[in-house]
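Contents: one structure, followed by commentary.
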Amino acid sequence: MSETALKLKNPRPESLCDVPTHFCPGCNHGIIHRLVAEAIDHFGIRERTVGAASVGCSVFLYNYIKTDVVEAPHGRAPAVATGLRRALPDKYVFTYQGDGDLAAIGTAEIIHAANRGEKMTVVFVNNTTYGMTGGQMAPTTLLGQVTTTSPYGRDWHGAGYPMRMCEILAVMEGPSFVARAAVNKPANLKRARKLIFQAFEAQVERDGFGFVEVLSACPTDWGMTPARAMERVAEEMIPYFPLGVFKDKKEAEHL
Amino acid sequence: MINDVFIAGDGGQGILLIGNIIAEAALAEGREVTFLPSYGVEMRGGNANCTVVMSDLPVGSPAVTTPQAMITMSTKAFRLYEGKVLPDGLLIVNGSLVPASMMTRKDVILEAHPFNEMAAEMGNTRLANMIALGLYVGRTGAVKVESIEEGMAAALSERNRKFIPKNMEAIGKGLELCNNGK
Amino acid sequence: MDKKKKKLIKGNDAVAMAAIEAGCRYYFGYPITPQSEIPEYLSRAFPKLGGVFLQAESEVASINMLLGAGSAGVKVMTSSSGPGISLMQEGISYMAGSEVPGVIVNVQRSGPGLGGISPSQGDYFQATRGGGHGDYRTPALAPASVQEMWDHTILAFDLSQRYRTPVIVLADAMLGQMKEAVDTSAPEFPPLPGKDWITTGAEGRDPRVVKSLYLGEGELEAHCWKLHKKFLEIKDKETRFERYKLDDAELVVVAFGSPARISKTSIDRARSEGKKVGLLRPITICPFPEDAIAELADAGKTFLVTELSTGQLLEDVRMSAGRKAKINFYGRPNGAGSLPTPDDIYHEIMEAYPG
Amino acid sequence: MAKVLINKERCKECGLCVTFCTKGCLVIGDEMNSSGYFFCRQDNEEECTGCGVCADMCPDTAIEVYK
Amino acid sequence: MSETALKLKNPRPESLCDVPTHFCPGCNHGIIHRLVAEAIDHFGIRERTVGAASVGCSVFLYNYIKTDVVEAPHGRAPAVATGLRRALPDKYVFTYQGDGDLAAIGTAEIIHAANRGEKMTVVFVNNTTYGMTGGQMAPTTLLGQVTTTSPYGRDWHGAGYPMRMCEILAVMEGPSFVARAAVNKPANLKRARKLIFQAFEAQVERDGFGFVEVLSACPTDWGMTPARAMERVAEEMIPYFPLGVFKDKKEAEHL
Amino acid sequence: MDKKKKKLIKGNDAVAMAAIEAGCRYYFGYPITPQSEIPEYLSRAFPKLGGVFLQAESEVASINMLLGAGSAGVKVMTSSSGPGISLMQEGISYMAGSEVPGVIVNVQRSGPGLGGISPSQGDYFQATRGGGHGDYRTPALAPASVQEMWDHTILAFDLSQRYRTPVIVLADAMLGQMKEAVDTSAPEFPPLPGKDWITTGAEGRDPRVVKSLYLGEGELEAHCWKLHKKFLEIKDKETRFERYKLDDAELVVVAFGSPARISKTSIDRARSEGKKVGLLRPITICPFPEDAIAELADAGKTFLVTELSTGQLLEDVRMSAGRKAKINFYGRPNGAGSLPTPDDIYHEIMEAYPG
Amino acid sequence: MAKVLINKERCKECGLCVTFCTKGCLVIGDEMNSSGYFFCRQDNEEECTGCGVCADMCPDTAIEVYK
Amino acid sequence: MINDVFIAGDGGQGILLIGNIIAEAALAEGREVTFLPSYGVEMRGGNANCTVVMSDLPVGSPAVTTPQAMITMSTKAFRLYEGKVLPDGLLIVNGSLVPASMMTRKDVILEAHPFNEMAAEMGNTRLANMIALGLYVGRTGAVKVESIEEGMAAALSERNRKFIPKNMEAIGKGLELCNNGK
């Protein structure tokens, strides 16, 4: 076969288990998992890292990321990660949380972990809905968006506004790095890879709190084809959730 | 007298709909009935299944370990559940998707037909479920065909009732299948 | 009852519809499988009825919204499952302490922890013993059919308002997810007592306070006895249970919720084989029908307790029947595939059958 | 000279690789894998530049790019 | 007596009960209670207002403010107030919360009530400590401040930074009015009165969420005389917690 | 024991000191009266010992930090009271489900709701029946003196690590606030089992997962039976109780915690008047010393149950003693001024005394 | 012409009024109220402008200002 | 043999300290002892109180409804608790703060002295509590004076031990009061 002459350009990240996933076709969780595994590989910390899985479609984190993992209750991954990290001062921790998990029930935990500048990396996957439970409204659901609990479209009267977590966290002194990325097209994905790396770097190299939000398509609960869902990220999400770095604190500023 | 049936397939295949129709039909006949769908993580990746139990007495359990009859509309569903159907039970299979080579059980009454192609012939692949339903009704007599029409009216929302005639036509096709024998 | 008049309804939808029937127009809750159809239904229905559906940021917030809305005198409900109900325990304790009515539906999933989403009865202790802190109990109803999902929801609103107490409806995933024929007629209740305690603005009257803090010497003790007296009144007037084929029974199956209905099929089969078996089904698991069990124990019956746990209802039966009673146990702790079949229970019956 | 290998058992027929390959090298095929998905395949290998975009966008890490 | 000729300049606010308070000598809660009562009088809403008391030194709100009051669990007053307000669309609600209550355990509830633009007024009394429980560290405790649980002074390593709630809330779309005031000297107190009024106005006249933080002295737990405590507010608190209006949204901007 | 060697220590401080003695260097908690001295003590002590004291944003966060630190294999503790413990119920259920060790100290205050800060035993049900969701139980120890605040804290760490389970120490405000002489010598325990499950980074081994989710057919049911078996093993090996002057007793006072120690004075007085009275004091309230009670019931003894509630321990006694036993009850639900005096209990003893 | 009346039973001896009266009209007295506080009193009424600052700053609403 | 005493006053008056000293002294004598302070909201506004129980047998309840002896150092404390002391019990009152007109109970042994002034005479009003303590020890003999010195060493932190001589001097003053009779 001709491949013998050719070189494999994209070897599977060592930190990514070689198993099929349970995600729906086209679900961006799969992409983001891979990028997280790449980051862990990049820093060479797989054997010194513990993940805190959240409750949401990514609950099976431990089936896919080849690190130790603790399964946290819904919303509490930052607290679990705090416990882990304090007990393991020489190791690294990360959480992987959905928008329901992090921005609704877990609001207090993420805000206070960030405020403490807890040494951890948070990967926040915002798909504007509660994927796992069948597509209910999330704090990040866009105005007008129809979900199973906003059947007439989200109305700020009563249901409030889509929450921009990066912007909120960036106000605080605690976090070292806060950024928002998307994986809806190749260019954004490249940028996302870099920002996820930086969110780990904030912990690994600057002993700080690194936060990266990744806008993510949920074709199933959006009722769209995967390709259309990627378009929606660009058309509806990015305008409201602008991509970029919201905070990047060098160590010195801590003091 | 108890009848039960387990129906499984992909989310888009109208699995729960035909389960609902059977249940409503049985209710229309004055029988006791339960309908138990899959839910939650079971549905991830677009799986869907349901169990319908019809009885002359109150139904004990809506969950059935070894159903008398089973309709599997997708390969995945077939692979997962084939083994559960009662020996000598009825196993209806969507032959359009499930390759004949997979069907190895010899102790069941196997009814495999290319429902998708048959539905496509009728102008709409979405009718595949109705053909399977027709076959089920014909084979088991669990509910009467007239009740099925009544059940369909109850199971469909107002704006979907317009599909009833076409659905009944597809059910007719299913009935034919069993009149023709295997 | 004429079956033609009944509608095929999913258990969770029946809860939502019954709440509407009971006059509830306020719902605060947070999604969780296997009960999300309740908030979903009400998110569709309430706006059309001028009601308030609010998806709260968490179960902690939900239960406290109940405390607020209940204090304002309206009929209000939340629903959740396992982990969410645990998070509500502080709020439920406050509601009980402040005597604020509200209906809390727990469509049980499996635990502990994240557990699973299969039907469970692992929250029996929590529901019947007050999982929250302090000395209080809340009435808890245990439906065993979709019909009862409807009936008990309506009853829960009545009890809640009548006795100024939170009321738990302890269902399970099977009852929440299944469809069954339901007679949706509304029961009649005696008129409710006046609400001279609600906080709606002190217009033309003295300000009121809804609270649970009692620091004065002897105050809280008196308050706790008052709550206890109320519980005894509820026990006296509202304890409910079903006796199924018990009159000549030698073996008494004790079960509630889904296993109770499954047991009936098993009992019928054993009966058809000449075994004298019946069912005692607690409808109010709290207050528990102690006397009914005690009477059967005194009559020398043998018991078979079956539930979806390693033994919670069992403790109430043991307490009621007394230590000398012959009590068999068939527990199937929650989890995928653990729901017993009528056959399973039939076999247990045959094994436990005396003689 | 480049080509991609698709792990057909992993492919979920999402079509994202097809959408994002600027060279139009990929299509959803008409064969089904054991999960019931019509897995995608490379259509005109000649055009493939080995850019890796398809692999990047594949949520199921089903694509290996060789160059 | 000569008073008969003189006129009483400061009649007791009608909404303030004429009873002794349980507060320690010099505690600013007493001043803030009075200002809240004045605001309620000003809008003439005493008989149409329900308060949500929090758990903290101000738990006896119902003994002092002459409105209906519901006692909320620690941190949950915004949720209780949400329930009240939704059930009483024609009435008004306010919460009165300490910094432990609002910024620690109640973080999620305040953020989400604010994000929903819940029609309510929140009076947030920041005294950089847990007064009621004996002076433990609060999220607002200043760096270096000694409390019973930061005996060596608050260190951001581990204990995080003093949280600025106004700044965080002002990032969100939901709130109509967000401001910070102090009552440590007559001029600031005048301004505080105005800002508290405005926090009620946001609800009463603009159907919005009004939030006012009031820096407050806790002589007891600070271990200072009342006068010295007032100085500390100026010297240490105001520099870190700047006074002013952080958000003032006119109705139209909602749309 | 030589009293000269003992130190006068406050109950809450004894808990903190005992935690240090037991090797605990991780504390996560949130202030609440009447236990704030525990975090306060540790905030002073841990920094000097290289330990971690972290005041969490809430009790919900605290318990989940325990879950994290416990998963990393360290000895970890939290403490709280009533409302805070209620907020921990979800996390405790996760810890139980994930089999993560950790010590949870509840210095009971009065409830329900905000209640008050006086000593209470209203959280007995919560502590012994698992206030969280799902089918699990956690061992619960009930100290009755400051000495036992020390002893039980140390024991709790051992049980917790030995059986991979959260353990509750159920104290009360009186025990937390009072000072008493304490012998601070450390008990010896057999070696602990190895920790082949902790998540410390998968260096040179396969990755591990600490979790409570079990979705596979039959998996969770098996897991629940496993947890149950563990509980039965604990019941078998670790059930502890004190028999005080029981040998010839006709009347058996059953009490735990503060009322138990108060009862001793009352019993002594009654004895001095010739009454044969003794005390059965559960030390592990969960597992409950059922057999000890049953034996006394079989011997025809009369019981007097006394506790700071309207009847929670009472239910365990009723269950253990059986329905025919003569059980008297003297409940003083919590609240300022409700703590019974030795005289109060003496009078109840005289009234309950048989014959 | 102004003066203040101090409700001596409400006064907690915090001294804030004393601190903030720019006219130095107020002092902590040497009489005790029934709660055991040495309540404050107006010392030189003549200076009082009736500005109301003392009343504003009093946490216990113990001061009435007449003008 | 049981001795109990209830001590109450303002936060700054060293109430808990003298309670602790008594408790430590009794412990030093090998007796069983409990010390129960007020806590939480009881302390708001600077109130403080504690109960010490000393016994030859294990102490049942550290809380005492009607104490044998009581020391009240402030007006507030006197007003709140005066009624609780046992008939024929000992009631020590800080006469510097509590007006004689308030002391109406006739069925107790009343010891009211101007502790503040006496302490001021000694150069430090903070010694008022120690004088009261001395009086208590003298009147009841619940603990020996030597034990008090031992107890004080245990109750005081290292850096406060330097005050022991002065404290003992104040205690002496208290003892004198009772030697002089009333």
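Per-chain residue numbering starts at 1, and chain names A, B, C, D, E, F, G and H are given in the order in which the chains are listed.
Assume a contact is a pair of C-beta atoms (placed from the backbone, for glycine too) under 8 Å apart; a residue touches a chain by one contact, two chains touch by 3 or more.
Note that the structure is predicted; figures quoted are calculated from it, not measured.
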Given subunit B and subunit D, the chains that contact each of them
A
How far is the middle of subunit B from the middle of subunit F, if each middle is the mean of its Cα atoms, in Å?
55
Distance between chain centroids, defined by C-alpha means - subunit E, subunit F (Å)
38
On a C-alpha centroid basis, what's the spacing between subunit E and subunit G, in Å?
25
Find the geometric centre of each of subunit A and subunit H from their Cα atoms only, then give the gap between the two centres in Å, rounded to an integer.
62
For subunit E, what residues touch not just one other chain but two or more?
23-25, 59, 71, 73, 104-105, 107-108, 111-112, 132-134, 139, 158-159
What positions in subunit B touch 2 or more of the other chains?
40-41
Do you know which subunit C residues sit against two or more other chains?
33, 52, 54, 57-58, 60, 83, 90, 94, 98, 113-114, 117, 211-213, 215
All pairs of touching chains?
A-B, A-C, A-D, A-E, A-F, B-C, B-D, C-E, C-F, E-F, E-G, E-H, F-H, G-H
Looking at the complex, which residues from subunit H come into contact with subunit F?
20, 23-24, 27-28, 30, 32-37, 39-41, 57-65, 154
Subunit A-touching residues of subunit B, taken from the complex the two chains share:
40-41, 43-46
What does subunit A use to touch subunit D in their complex?
2-3, 6-10, 12, 16, 20-21, 23-31, 34, 183, 185-186, 189-190, 219, 225-227, 230
Under the stated contact criterion, what part of subunit B meets subunit D in this complex?
10, 74-76, 79, 97
In the complex, the residues of subunit C that touch subunit F are 60, 81-83, 85-87, 89-90, 93-98, 108, 110-118, 120, 122-123, 125-126, 129-136, 211-225, 227-228, 294, 297, 309-312, 315, 318-324, 332-338
